[in-house]
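Right after this note come the structures.
In the two complexes below, subunit A is the common chain; its partner is subunit B in one and subunit C in the other.
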Partner chain A sequence: MKNKIFKIFLWAFLISLVLFFLTLIFGLFNQLKITSVQKQFAFGEIFFAIKLTLLTATVSSLSALIFAVPIAYILSRHNFPLKNIVNSILYLPIVISPIALGAMLLIFFNTPAGKFFESNVFRVVFEVPAIILAQFIVIIGLAISLIKSVFDYINPEYELVARTLGATQPQTFFRILLPTAKKGILSAFLLIWARAVGEFGAAVTLAGATTMKTETMPIAIFLSFASCDIYNAIILIFISLFIGIVVLYGIHIYAENRKPQL
Partner chain B sequence: MRKVFIIGILLVWANFIWATEELFFFCGAAVAVPMREIIKNYEKETGVKVNVTYSGSGTLLSQMELSNRGDVYLCGSPDYIDIGVRRGLLIKGTDKIVSYLVPAIIVPKENPKNIQKLEDLSKKGVRVGMGNPETVCLGLYGVELLDYNNLLEKVLPNVAVFAKSCEDTATICVLKKVDAILGWDVFESWNPKDVKWIKIDKKQIPRISTIPLAIPVFVKNRKLAEKFIDYILSPEKGKKIFKKWGYISDVNKAKKYAPEAKIGGEYKLPGKYFEFIRKP
Partner chain C sequence: MLKIENLNYKIGKFCLADINLEVENNRYFVLLGPTGSGKTTLLKSILGLNKTTTGKIFLNGKELSNIMPEERNIGFLPQNYLLFPNMNVFENIAFGLKIKKKSDETKNEVLKIAKLLDIELLLEREIKNLSGGEAQRIALARALVVKPKVLLLDEPFSAIHEGLKNELWFELKNILKKLGTPTIHITHNLDEGYAVADKMGIIIDGEIIQQGTAEQIFTKPKNETAAKFLGLKNIFDGKIISQDGQNIILEYNGMKIYANSDIKKFETGQNIKFCIRPDAIKVIKEGYPIREELKENMFDAEIISSYFFSDTCMMRLHILSGGKKPVFLAKFPSLIYKRYNLRNGLKIKTAFWKDGIIIFENK
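Let's turn to the complex of A and B:
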């Protein structure tokens, strides 16, 4: 009897939350029916926003991965002085609100170092690289933390064995650790990619909301909402939901098929 | 323990029963600075609690439409009153003007590109910022201003950024991320240390904007809402504070900067704007 009640209890949580999310989505359909159309749907603009979002999110999450893998490896396998402080600094972007990160970046580009970069390397502020940089900063903490836990779950013994058999450190890293962690890293990548797709606060602060230049999907949703154009906002939310569900479903299928790790 | 609990519940109930009168005020963020002061005074003098939300004019309309709430609505430009009435969110004929906004070129204090007149914005290498014309009134008025003076095609290529709101447009100038913005006169009084108002030739200004307020259809206590509006519009109370913060509340004073300008009214973005923007 007690077991049964416990089970019902568990399922109640799951069902209520799923129902709540479905209600939210249903609410969108409902609002779509009663709200009036404010302006014509601009397909060209929306298509641009989708393309820009997918492109910037892919570049920023790949770059985040390139930084996160070695950093996570150090944090997982090595101890060094002030490690806790370094940890806290690296994880800061997870706690700080994106709008604050965006403002910090915008202010940085107003310092001599930032100005030097903009005039000698390339322009960032209000350009497409600004979106990529904003997304990168927002997701990098999450990327490190996710990949570190992947490494943490892999027994260091395998690497030690490889080393005793004569493998060098890079060989151990590339031939033992990375292949073992491959699937975990890929799931992490998809999650940070999805987060980058949804990034708004930092991106709009650093890149502005210029139509057909820096207008990503979240910015397009904001602009529709900000012009009292709820109809178009809902259509855009549906497109974002679709992208989100496809990615998450992909991760799920992938995780299900995951072979047991070493 | 139980006693404490019961007393607690009673207190919460008492709070509901003897609750002070309250207003839901949806206020355009462009006037947040003077409004904060006005609301503080109003609450102190009348005991009425004002629950205020500051945001973009359109966002506020969206929020009212979705929440079915709102006693007073104040927006950054008259076209949102028209949109609100058309969408059945605001009571027709309740709109009143709080203040007037004159289009202005705002530059960083040092004026790095030596901008002196509207035509200078089309000079090579000048980076211009403006509000997104499709969503921010400031951007819309900016496009009209440029088009009226046959400068639209010449200045648009120099526009480095569309900001998402009126305040963001001011901020990018304060942070010196652009050489000039198309803004409002009042931006200078928001940040007098950082930016400078370059006056546009009187004859070049086709339209002056207004800051209107109106009563939403969701109003609970219309008398209370009207009293609050009267307070904002009163020369000794609300308007005095607006004046202190550099807002023009007298139509004749606004006309001094642009004698031939229309006041308020709707302007539609011209086809050539979209052609330029959507050009790959």
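Let's turn to the complex of A and C:
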């Protein structure tokens, strides 16, 4: 009897939260029906926002991956002085609010170093690169943390065995560790990409919210709401939901098929 | 030939202390030791994966200290075989050859070693579909295909089904003897070590406390620590009464015990530790003639308790001679228990074989 009550208790939590999310989605449908009579679908603007979001999220996620893989490898496989402090710095973006991160970047570009960069390399603030940089800063901590977990999960003795067979450290990294971690890294990439797609706070602070210029999907939703354009905002929310569900469902299917490590 | 001279390595509170070891070509050396004694740490030091504090390792006369692990050409069979999960059997075996860019020979070399180890039919298999025994052979093939100058085996039978182990011990040794690769095999399993070793060492708490043939080590452990690790019981404090060419007479608890004489000379009155092997304690059946060599060490005893295993029986005996009624552990074939109608509480006569009494060098 106690077991049954315990199970009901557990299921009650799960069902109530799923129902809550479904209620939110049905609420959107309901609102769409009311507003669709009055409004026109802003094709160009929404298409621009989708295109810009997918482009910036892909570039920022790939850049984050390029940094995160070697950093996660060092953190997973090596001990060094002040490792805990280095860890804390690298994971800061996970705990700091995106707006604060955006503000920090904005302040940086107001320093001599930032100004020098903008005038001699390329402009960042209130431009598309600002969105990429903001997304990158927000997701990099998460990327390192996820990929480090993947590396931690793989027995480092595989690399030691490979070395006894004549493989150098780079060879063990590229021929043993990376292929073994491939699926985990891909899952991590999808997660950080989804997070980049949804990034708003840091991006709006550094890139601003300029229609058809720095207008990603979250910024477009914000602008639509700000101008009381509920219809377009709901359409964008639906597109965001669709992307989110596809990515998360893909990750779960992928995770289920993941072979256990020996 | 592998030679280790005065090797020291420290990690945290644990250290390998002053390791000296020599494994000649075509010799099979077994390093026995309990869990946490430093066996694997020593192997990793030989492989160059641990940076040793002091000492030298020579392989065929060449000093290895400044040589990277990948350039040492030392084969390694890890405890859980650690076959690369991103490769199939063929790719696992071929890994070392491909790294060394011997692409022309790869297929032939893999087939050759696969034939020797009887794993030709497994080459296309995925790693996850292998049994423990198959995985062991593939890991061995992977280590051997690059023709290492010495092979290190880390508990190679730990993942093998108990019933299959015994045959595989000899099979593995035969294969390695055929190839002539000098081998260091580490294990905590006494039977496994005894069965395969040409030469053997005991490592405890990071120190090799004894080396010799399996027989030397098992019949004459150097000290109490070695004896305890080898599972010997009945270790007591005694005193030397006398020693001549044939016998050492010692005194324990008012009992006079005769042991075979030793090369080592003891002084009269010297305090020593000694051990009576459980299998050296015999039950004397009344009415039967007694062997001469048993007569000197005959004592009355009472059976306190008995424990049965598949083919042996362990009995705790109170020796009734002397002051304190010491408890001895005796080991018999199970059939003796029934044949002699033994039972708890029964008073019997026992005798100790002189061969089974070991006097240790330490006090």
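Assorted remarks:
We adopt the following convention: the second predicted complex is superposed on the first by the 254 of 262 C-alpha atoms of A that agree within 3 Å, B and C clash if a C-alpha of one lies under 4 Å from a C-alpha of the other, contacts with A are read in each partner's own complex, and residues count from 1 in each chain.
In this text, contacts are C-beta pairs under 8 Å (C-beta built on N, C-alpha and C of every residue); 3 or more make two chains touch, one makes a residue touch a chain.
Since the structure is predicted, the reported quantities are computational estimates derived from the model, not experimental observations.
Aligning the shared subunit A places subunit B and subunit C next to each other free of steric conflict. Once chain A of one complex is fitted onto chain A of the other, the partner contacts of A:T168 are limited to subunit C, with no touch recorded for subunit B.
The vertex angle at subunit A, taken between the C-alpha centres of subunit B and subunit C once both structures are aligned on chain A, is 150 degrees to the nearest 10.
Number of subunit A residues touched is higher for B, counting subunit B against subunit C. Judged by the touch definition given at the top, the superposed model places A:N84 against neither subunit B nor subunit C. Look at A:T180: by the touch rule set out above, it reaches subunit C but stays clear of subunit B.
With both structures placed on the common chain, the touch criterion links A:N155 to subunit C but leaves subunit B unconnected. Legend: residue contacts after superposition of the two complexes on their common chain; A:N3 is shown touching neither subunit B nor subunit C. Residue contacts after overlaying the shared chain place A:N120 against neither subunit B nor subunit C. Superposing the two structures on chain A brings subunit B to within 47 Å of subunit C, judged by their nearest Cα atoms. Across the two superposed structures, the residue set of subunit A contacted by subunit B and also by subunit C is empty.
The part of subunit A that touches subunit C in the complex is made up of residues 155, 157-158, 160-168, 171, 175-176, 179-180, 182, 259, 261-262. Within the complex formed with subunit A, the subunit C residues making contact are 44, 47, 49, 68-76, 78, 80, 82-86, 95-96, 99-100, 127-128, 142-143, 146.
Across the complex, subunit A is touched by residues 56, 58-59, 61-62, 65-66, 80, 83-84, 87, 129, 132, 134-136, 159-165, 168, 172, 175-177, 277-278 of subunit B.
On the subunit A side of its complex with subunit B, the touching residues are 31, 35-36, 38, 44-45, 106-107, 109-110, 125-126, 204, 208-214, 219, 222-223, 225-230, 233.
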